[in-house]
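Read through the structure below, which is laid out as structure tokens, and then see the notes.
Order of writing sets the chain letters: A, B, C and D. Residues in each chain are counted from 1.
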């Protein structure tokens, strides 16, 4: 079957006897051949898949163990160089239901990146938004537009689209961390741009200040520098330090313990969102990033949201439930929660469970398409 | 090769000798097997495809001729009933490069819908945003939340997500029109909801007022009814009539002819956007809709935009250029312009060329990812 | 008593025996003298006036009869020329409780303007926002940035700040209309700028097109010209014609009569707001403008709002109640409703009562300070 | 002269021989008598005052010395009790050109408040927005909706409208601080509400936590608590501590010294704005609050803005220039900068000059009426 352009048509239609489908007849078969030739597809054969009653994700819940990620990243460190072309020694989670593509979920890229002592990852910029999160180790600097940003355990480093950036490992040990990007979304929607920068960052950019310039300008609570007017769509603050995140979570649980139930998201469940200090919104236009702490022996309610998320266990041990799947998790483990699949977590070890989360909710909020359901406590 | 869950892995990696790729060695092969087993994909094998210098659309330019669309829709009218399950006798354009899927572009659904005299399409609602545009014919009513909206040549009828709607053909002739929806985008991002309504619309909803209630409330220029507070994200106005659109386009060209060059988008190129009167923005959160008029013997400049569009020729004849493709077009012909592919049109017949256009630009604007380039005049 | 700068102090404090006041003693007297010398005023003597339980307007309800306004304006036409310096033959309503100042309310200027056949009012621009409303007559043109705008009965012409404008009477009769501006607010907040333009408008600007250029670009319902990007804070549409306003009001009452109670603001009470088509908001950043129609024998509910309004009767006869005052009104009569004073209107003649209204509500909405109360029906 | 209502008219018009005025004649006199009777005022006698070329403030620059403010406040402490009715022992700056009214500028209230050891100021709430700033001392708590907020030198405490609040001095010394409110603006625009609360705050609210609950929820840089959704128009953070403000200013000057000129507002001039962490905007809808630090021997450029400001010297010594006035200032001194009057400051002592500033700029920004001019360096 060829199209009117004399090329083979990719459209394949099959007349079947099924509820809601027209009766298979020679006339219907002829019609379908016409559709194929003209590159047409009727709604009635597709509606069940395309327009379900509620989202049915193409992705599935899945868990990656941190020890295996680190082991393979370390092995890659031994045999795969870092440089222009490949750009980064980053290894992405491939959701088992997404055809072997490097997509943790349909919209999100999640990868472990690995850098040996003294290595540089070359400078580039891209329209995709990115962040780094450090579950262990220290010593790597990300240089953003010439501003070196230290990376240590618990730190969150957003990297808004179209900023020049490179990495350098100034320590004596290899370092691994995770990268989150909206690569699949940008690829799908065909909105991505990329540009290469310098091969090597300058020596003075490899020095290691305790705080980046961005932190010295924007990292003071409730204060903005008058020298930086406007409200950029993505955050101008390049590092959110663990000391602050930890304290904010501890404060919420302490307030709850003092009788202020409204301080937490649910009983024993503290949570903060990383925000753009210039507008109070998510750090990146396409990604929401949060840190959750579930108190020892507490559990979250089950929540179902439009859009997908990736979690990494930052600390503690616990049990997470994603739809039909359930796992015991500990430091570094990563798992995905597909769209409209229920999620809950319980800190069933003797200590709190800290979960880093990123997701695509800002896309749906911007388009007025976000919905959520929370099961009663 | 199986994953750690003992299921076959969809990941397939191949060590190849290529620029920017690590040298194929047994160690690399072993590493790739480990990646496959753990459901991991390295950036360095994917970056060229995933992160190009500028968008490279998976879709291609393509043209569908109106006479063939109408002929096949008419044939479908003879043999495929309309009713619950299939819901609509709608036949979608399938971009030849998108694997036979009913996607005009990666984000947009474009279909011809066809209704015989006396037929009803059953009531439902869905989160996907939709619109109808009528290139010829009249007599069908769309009933939106109980408000019957007449459809005639040149009319544009937006249909915001989650409103109940049904169609009824009250005329003595079949009628065809086009539907535009964000079905592929909703499917890809997994954000869609659907609900079935009444099987049949009530008799009094089949009456045929000249103007819908929505038009009587919201269809007066620069005036809003105080009884309807707020600014809904999608337009409350359910019909934009051809008499208004035509006049607005004629006014722009007349102003240009009187010496006011700034009245048009370019010389001989008038254009209006359909907007939500409650907030002045696009009628739908995910779709931009416009009508363009190119004066006889005039041509537009070539424009390249992030995001894709579908055009239908409303009137006149001309030549359109989409990237490397070029077609002579006339009434009803439909074609797609993929992301970042240049587009221009020329009215080379003796009369003006009127083009209806819809696209996904609001998605990119909402996410601060829109870019465009216009060639010098 | 002099200040520390040796100038007489304007502060005068009196120790009085009163509830909530400190006991008058010599020490208190000495303290008050010290306050006066240092230009200080204690809260405790002022709080009752400055911080009441709810707004107590400095203005009072008042009515001006149209026949007297027109008679005095006509007399001014005979003896006061129009030209540079005085700029306009405009005569402002002075609220009787505001000290003889030309303020209809603390924030609003309302004036009758009068132009003889052939007269020009010279071109200028100012940061104050303005509009014209025409209760009778026709033949005057307002020229805004070179775009002549016809003025006829029922037309509403907003005039955003900092646009050049002049008036010309091209008819054979004198013409009167009303001007509304935010002059008192701008004066009080000290934010006003003014610039003089040409003494005389050009001959070709005195021609009389049926529709201004602004209407041809922006006066089509739900359509925006692509040649005019962005969303200016004040409306780009320079005339809102009576034919549209009248039809919108009639439509609401007709819908109500057909059983759609939600179409009107209250039973028998239709109302539209003039809006900026580029953003759906009020036409001017500081002034809200509306037209209300009360059906024969209907009445509005009593409404109380933060902020003040000025009304002009456009047509019909009725009874209006403003706080403790009540008047029978007819065409052209103007009255003020001070902040937080209840207002209602009844069409007790045989026909509908049409009321044009302008007020300062956008100021309070922008600052999150708006409140309103509506009495039960 | 009486009005048509038989009450004396407040309008007084005088026919004078002056440029731009109509020639004084008996006819003009008669016309003016008619205007007075009908409560009308022509534009031509008022335009010069009402519509100047640029703002001409009714207020004048003025300085209040801190030692005299504290001395008089202390004296008031000895003889004026604090309690219901007077509500606060607050003593307001009265601009010498504003008729003895307690207005520092036409829109702003600035007062010194004074509380003896053990005293309570009773609970109330009002729609006016307020803040406290502490130039010296400590020991007082402001209790906001039951959340006690410690006050110490350098702390800034915003107090959004309509929140219950009371004060308590838990120390052994009297304490003075300054209050800023939008009382004159609210009074002028007649938008104010007030409600009395409890006479006495509870014992447990008098305890003295180091950090308020609001700080524990909202005082972490770039982090928002998920338990507090939305973006309130006024800040939910009730204290901005000096340690943060000081560090932010020091960081800017240090960055400048390291070669990053863009970190400061001008050479040697660091500045931060207090912002609402939920939306990145000013802490209060009507007031902007900032801290400026001018490095020793540096000076600011002269700046002219629509809207007025009040400054208090927080630390250091210097010379400030406001229009034609110039003063040597030191800790605690307060001065006003009227609308469109140029302001500059120089740290001519041996140390930096720290200036706290509050102003009404958010009003003008919200209404699109803000303008500023900065002299070249």
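Keep this in mind: a residue touches a chain if its C-beta (ideal position, glycine included) is under 8 Å from a C-beta of that chain, and two chains touch if they have at least 3 such contacts.
Please read these numbers as outputs of a predicted model, since none were measured by experiment.
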Set of chains adjacent to subunit A and to subunit C: B, D
Of B-C and A-B, whichever chain pair has more C-beta contact pairs: A-B
Computed distance of Cα centres, subunit D from subunit B, in Å: 52
Chain centre separation (subunit A, subunit B; CA means) in Å: 29
Separation of mean Cα positions, subunit C and subunit B [Å, integer]: 44
Set of subunit C residues in contact with two or more other chains: none
Complete list of chain pairs which touch one another: A-B, A-D, B-C, C-D
Residues of subunit D touching subunit C in the complex: 3-5, 7, 9-12, 19-22, 25, 27-28, 31, 34-35, 38-44, 46-47, 50-58, 62, 64-65, 68-69, 72, 75-76, 78-81, 84-102, 106-107, 111, 126-128, 161, 183, 185-195, 233-234, 285-286, 306-308, 338-340, 360, 362-364, 366-369, 371
Touch list for subunit A against partner subunit D, complex: 213, 216-227, 231, 235, 237, 240, 244-245, 247-248, 251-252, 254-255, 260, 262-265, 271-280, 283, 290
